[in-house]
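Next come two complexes, and both contain chain A; in the first it sits with chain B, in the second with chain C.
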Partner chain A sequence: MNFLSTQFWVLLISVLILTRLIRPVIHQKLILLAASCLFYAFWDWRFLGLLAVVTVVDYYVSVGMQGAHNEKTRKTLLAVSIASSLAILGFFKYFNFFTATFDSAASVLGVHLPELGILLPVGISFYTFESISYVMDVYHRKTEPAQSLLDYSVFIAFFPRLVAGPIMRAANFLPQLQHGIRLEPTGIIRGAQLFGQGLLKKIVVADTLALIVDQVYGSPWLYSSATVWLGVCSFAVQIYFDFSGYSDMALGIARILGFELPVNFNLPFTSQSFAEFWQRWHISLSTWLRDYLYFPLGGNQKGAWRTYFNLIVTMLLGGLWHGASWNFVLWGGLHGLALGLERAFTQDRPSKEWRISTSWFKALGIFLWVALTCVFFRSPSMEMAGQVFSKLAFIDPGGVVWFFYPAALYLLIVFIGGLLMRLKKIDLATMDYYQPYFFPVLAAEYLFIFLFATRNNSPFLYFQF
Partner chain B sequence: MGTRVIGDSLVPVEKNKFNRAYWLRFFLCSLLLLVTFEVGIRLFVVRNPRFEADAGFGGLVPRAGSTRLFGTEGFGVTSYFEHGEIATPYRDGVSVVVLGDSMTAAHQVPNDEKFVSIAEQGLRDEGAVVDLHNLGRPLQVISDIVYLAPSIIETYSPKVVIVQVSYSSFSLSLDSSMTNYYTLKDGPPPKLVHNSNSENLQMENIISSSGLLTMLQNRFYQIFVLSRLDRLAGREVDQFGRTRRGLVSDKQIVFLVRSVVSAYPDARIAFLVIPSSPEIRPGENSNISWNSTEDAELIGLISSVEGVEILHPLSGFQKLYEEQGILPRGFSDSAPNKGHLNKFGHQVIAKALVEFLLRILK
Partner chain C sequence: MSASPSRKSYIHPGHGAGYWLIFARSAFLILLSFELVIRLFILKHSPVEYKPGWGIIHVRDSYSVHGLEGFAVTHYLDNGEIVTPYQDGISVVVLGDSTTKAAQIPNDSNYVSLTEIALRTRGIHADLHNLGLPDRSIADYVALGPYVQKEYAPEIVVLQVNPSQFFFARAENRPNHFVDAGNGVLKLVTDQPDQVHNLAFTNFISHSGLLTLLDFRARNLLISHSPGQNGTDLAGEGQPIPEIERPSKNKDPQLALRQYGEEILPQIKALQAAYPNSKLVFLVIPYTPTFPSSLDDKIGWISPDDHLLARTLFFMDDVYMIYTLDAFQDLYVSEYNLPRGTWNSAFNFGHLNSHGHAAVASELVKMLGNILSYTEENDETGK
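Moving on, here comes the complex of A and B:
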């Protein structure tokens, strides 16, 4: 069940109708929890138990920490919770990765490590990170524990963002939960606008770009170097529109229900530095990594070399979070390296102010770096990545020439449109809906989506994480 | 901001924002957006020809002199002669009729890049005064071709009838919702029966008059009809809903081929089987396979009927790829190796058609 399926809309409409009929907040929370469980069960009901385990352990740990007066007890409880979350994540996501990695070493000793057929539970990377952030915030007294197991369960399982984020913070969400579901005209209109925006990004732009990306990454040998370049750049834009489109849809649905979720993307391809890029791309993950990994490692407080080390380790683990493969680790490591080098070689903090003469080139440079590192992100294997790079370097330039002009058009629109939106400070989410053009433009957006969405819709890319 | 008396006080009250001025501007904005959509679609995406009723040639056909614009897979403008015949360079000479589906109608390329037009010019260049009549129409199936025979013979008296086919040309003849006039009823013996579905000409005219309405109709078709085809065939369809082998039996195919031969008794019949897209297996190494067992099976069945010739320019497609690195299908706004023939694919088919016609019309 995803946002584009009939079952989802039946579920959402049922929730909306029920919450109009049932007003007590506690009952509305139960409805939300039931809907979230049903939503998750449609993906794979077998992992509902896993979600329940994570929820129950963390809730009672937080209650225990609240009641404990002994710092050692609090630390122990924190360690138990984090260990359990990481153990679950490690087993389901990384067991085969680690056994395959160490198998070659172990085989020298005549030992072969087992490979298990482990299914990856949908959304596990997202809800385990949320649970870790919750217990750490409770430990550091940055937030109060959830008032009840019900509240915490709704926080963990909240269906609009359960399978692919954004990664929520309890301090932001739990207070909103106290008013239950609020169906207000403003929220519904804004939610519909956000949802439409996300839909446009996903099924018009991202799925169109998928046509060239899938072909180029499937058989790079078949295509010319220029075509492969277009495919590589298209993937960077595809993943942005796919993921930010999903995030917008999640935010839109939450908004309809009366909840504000954190913005996850903010024109990342207008960034003028690597640091700024990570402040604009997958914001909920990058801030999580900053707050719960980079800062605990020491941040930039322990000298220059330790700062570079912290940056690289944080990004390496950030890469690993995306997938159990050395491709992702390498991707994260490259970004960490870029951040470290940028910090080392720029005396002052890179300016975010827009200068006509230089900002375009910086933004283009950042985009190209992101596109090239994404080759590791997208390639199914290192060998395939190598073949893509040999095409990009014009080592093997021959092949079918395919100028997929919709991709070129979307790249141009994204780049120029993003820069203009940043320069003119345009924020579609705050457009005044009392203006007479608002609803016609919203209707036109949905009509455009209906007319121009591709028939071959690909699954959301971030569901695999 | 207005005011209102509440008790003893004058209280400021926000004016109603949704007043007459708002609704007037709302209506104008909506109208402007609809007009923008309509103009944009007509200029860049799709524009229908004007239609007229022509019962003998399939009900509603494009009027002589009108044009069709097609831009979602390639970009082409198609112009028409009478009876919905797609215009070709010449209108005199030995009459040869070319029937087929969207591969022959080829709205994705301009008139002069369609294989029928290229072949007609090629024949003239070789000194053969042949008039090729392009009667291709999207989704035209074998049973339609049989139904149209009396009108085609009366109007064109063809010496040769070229029938461009794929598996769907046969399998969709079984589906009464997909054919216009005849449906194949399975035996014993199988026979073609008149389809009781009738076209709603009025609605067709209304929809076809607007680019936006046409696009909406196409989308509904993609969402509901093609999805139904997908389910029927167990996903054995390509992106244009062309069905694969499993839906039509050998006996049904042979019967339909014989029906065509019987329908055009005075003409030489040739079936043009456009080679399937080569299979490109994803992976690190070059892995492209041109041989299609489905094509081979279809050709075998058609050839089993006496008096029928086969055109299958596979070697031309292979040569196009091996020598020039060009695949015969796909456009810059679709995907290589998928969908309809591009201009290079049409050139290969035209060359094969010229060689064939020069041989049999000598």
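Moving on, here comes the complex of A and C:
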């Protein structure tokens, strides 16, 4: 079940009704847990056990760390927890990837590594990262352990963000859980605003752009170079609207229930540098990588070359997190390289006039870089990515052309619409609900979505991670 | 802003008439904006009426707007006929489904209009009557025969057909359908359509673009959640298309061909009987292209069912047949254009675009030109 399915809304409304009837906080937590398990079971009930294993292991590790008297024991428990989380993630997500990669080497020795038909549990990349962040924060005493297994279970399984993030931190969520589900008019209105904004982004903008993108990436050799360029740029916009739309919906639903989740996107295509881009794009993942990978590796504290190395390794692993394929590793590596080069060559702070006058070009440059690296992200294989790049380089530029102009017009409308909203500071999610036009505008937003949602409803892109 | 709202009300207690006035004005302006944009650019149905023999048709001199897929304004004449550039000349009737109606491209760009114009440049004054309407079966065309003959007395009847129309003709829940009368002969059964009593509602909402679109979306939502349905016509005027067994799924191609022949031949005979004074031209437009999924594959131009239908018709006596497969392939090879998909619909599930219609028209012009020229020559020689 996803946010657009009837079953989900039946589930959510049931939770809201039960919450009104059942007031004790502990019972509300049980309701949340039950709803989350049901939500996950609709995806694949077989992996509920896996979720339970991750939850139980990490909870008792955190309890153990809390009660341990020496550092060695605490470290051992930390290692056990991280190892178990990574083992589960590694097996389910990366086993076939590594066996395929090393098979060619192993075959020289006459050994063939097995390929297993392993199903990827939905949301595994997200909840394993949350569990790792939890135990590390408890170890470093940045947060207290969860007060009960129930609390921790709700944290891990919290359904609005279970399958595609944002990646929560226990320090932010667990205190909120102590008040249970809070149904307040303000929260419900703000939640509805956020959800509506997300819906607009996803099923009106992202799914319409998918019409162009799926055609171009399906058979790039059919299309002219200009059309392929358009498809490549459209994918960058599509993935932003798809993923930020999903995040908005998740935040909206959580808000309705009285919980604040971390913002995951903050106008990333206005970034003036690669570093700024990663502070605005998939913020929950980039901050996780920063806090639990980049900083432990030494961050920027061990000299310039070590900093570049840390950046590249962090982004390589960040790419690998997205998918078990060399495409994603290359994507991450390119971003790491860009970060490293930017750090190496832009030490001096330019003048304010220079920064203002070049802001558009920098934003465009960042966007183009993101769009080009996303070719690896979107292409099903390196071979296909190669086809796309050959078209982008105008090698054999001929192909179907008529699609280009209307598609370019649509992209321009999206760009101008976004720019106008930014300049006029129009934000559908934070509109003042005291204003008399608020409810008509909110109703109009939902009506617009119902009327103009494309028939081409594609699945949320980040569900595959 | 003042203090936070109380838990009881999120509307500030100080708001009175002024608040509600702005509320009402905002709501009105929003609804008006929706109505204007939808009516002008998205969707507006024309009013319809029931005419005995013709069924439910668009009212004369009405128009409809279709922007959900492409954009076009369609004007109507009598009997739901779609306006073409000329209204005089040798009468040719074109029957077909939504491909022929082509609500998504300008009327002058659909293949019927293009054919009419091209014939005129060749000195053949033909008046093509575009009677394209979605969701018609072969049985519907047979039932329409006497009325078309009386109204238009066509020299030629062009039937744009697809495999589904032959199978729908057997569906007993349709107002017009065939039953076996023995000895390979079909009997047409005609029932009064039951949509007549819905026309008041249909015509009411057709006055509003917003209501029309709401109704369309709601019906799509219902259909997509109904089991056993696999789609609906994009114009929203057709019935949901039920799953039917296709002979092309038969692994034995000879058997498949024979099955088609056995099903189609009696229906062709029924059509010939319904249009005794007209030459019949069957127009088969394959539902292609299909797209390769790997670097080694090519574009697919052959739709198995359409190909089978075209082959079956090709071997029949006394029928003219056009199969636009080659024209579509030439379109891509020579111009890098694809025949399907518009600016807001993908190639692999869209109707024909203006390039596709031009390709179809080029084939139809050749066929009609030959037939009508042959007819003129015979008239001149007194044969």
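In the analysis below, the second predicted complex is superposed on the first by the 429 of 465 C-alpha atoms of A that agree within 3 Å, B and C clash if a C-alpha of one lies under 4 Å from a C-alpha of the other, contacts with A are read in each partner's own complex, and residues count from 1 in each chain.
Just so we're on the same page, a contact is a pair of C-beta atoms (placed from the backbone, for glycine too) under 8 Å apart; a residue touches a chain by one contact, two chains touch by 3 or more.
What you are looking at is a predicted structure, and each value in this text was computed from that prediction instead of being measured.
Applying the stated clash criterion after superposition on chain A shows that chain B and chain C collide.
Of the two partner chains placed by the overlay, only chain C lies in contact with A:Glu184; chain B stays clear of it. Residue contacts after overlaying the shared chain place A:Glu383 against chain B and chain C alike. When both complexes are overlaid on chain A, the residue A:Ile395 reaches neither chain B nor chain C.
Touch criterion met: A:Phe404 reaches chain B, while chain C stays clear of it.
Within the superposed three-chain model, A:Leu412 lies out of touch with both chain B and chain C [touch as defined at top].
In the superposition on chain A, the chain among chain B and chain C reaching more residues of chain A is C.
In the superposition on chain A, A:Ala344 contacts neither chain B nor chain C. Looking at chain A, you'll find residues 211, 215, 218-219, 221-222, 224, 383-384, 387, 398-403, 405-406, 434, 436-437, 439-441, 443-444, 447, 450-451, 455-456 touch chain B in one structure and chain C in the other. Residue ranges on chain C touching chain A, taken from their complex, read 1, 4-5, 7, 9-12, 15, 18-23, 26-27, 30, 34, 38, 42, 213-214, 217, 220, 225, 291-293, 295, 299, 332, 336-338, 341-347, 353, 355. The part of chain A that touches chain B in the complex is made up of residues 211-212, 215, 218-219, 221-222, 224, 381, 383-384, 387, 398-406, 434, 436-437, 439-441, 443-444, 447, 450-451, 455-456. On chain B, the positions that touch chain A within their shared complex are 17, 22-23, 25-26, 28-30, 32-33, 37, 41, 215-216, 219, 222, 226, 239, 280-288, 325-327, 330, 332-336.
Residues 6, 184-186, 189, 208, 211, 214-215, 218-219, 221-222, 224, 383-384, 387, 398-403, 405-407, 409-410, 432-434, 436-437, 439-441, 443-444, 447-448, 450-451, 455-456 of chain A are the ones touching chain C in the complex.
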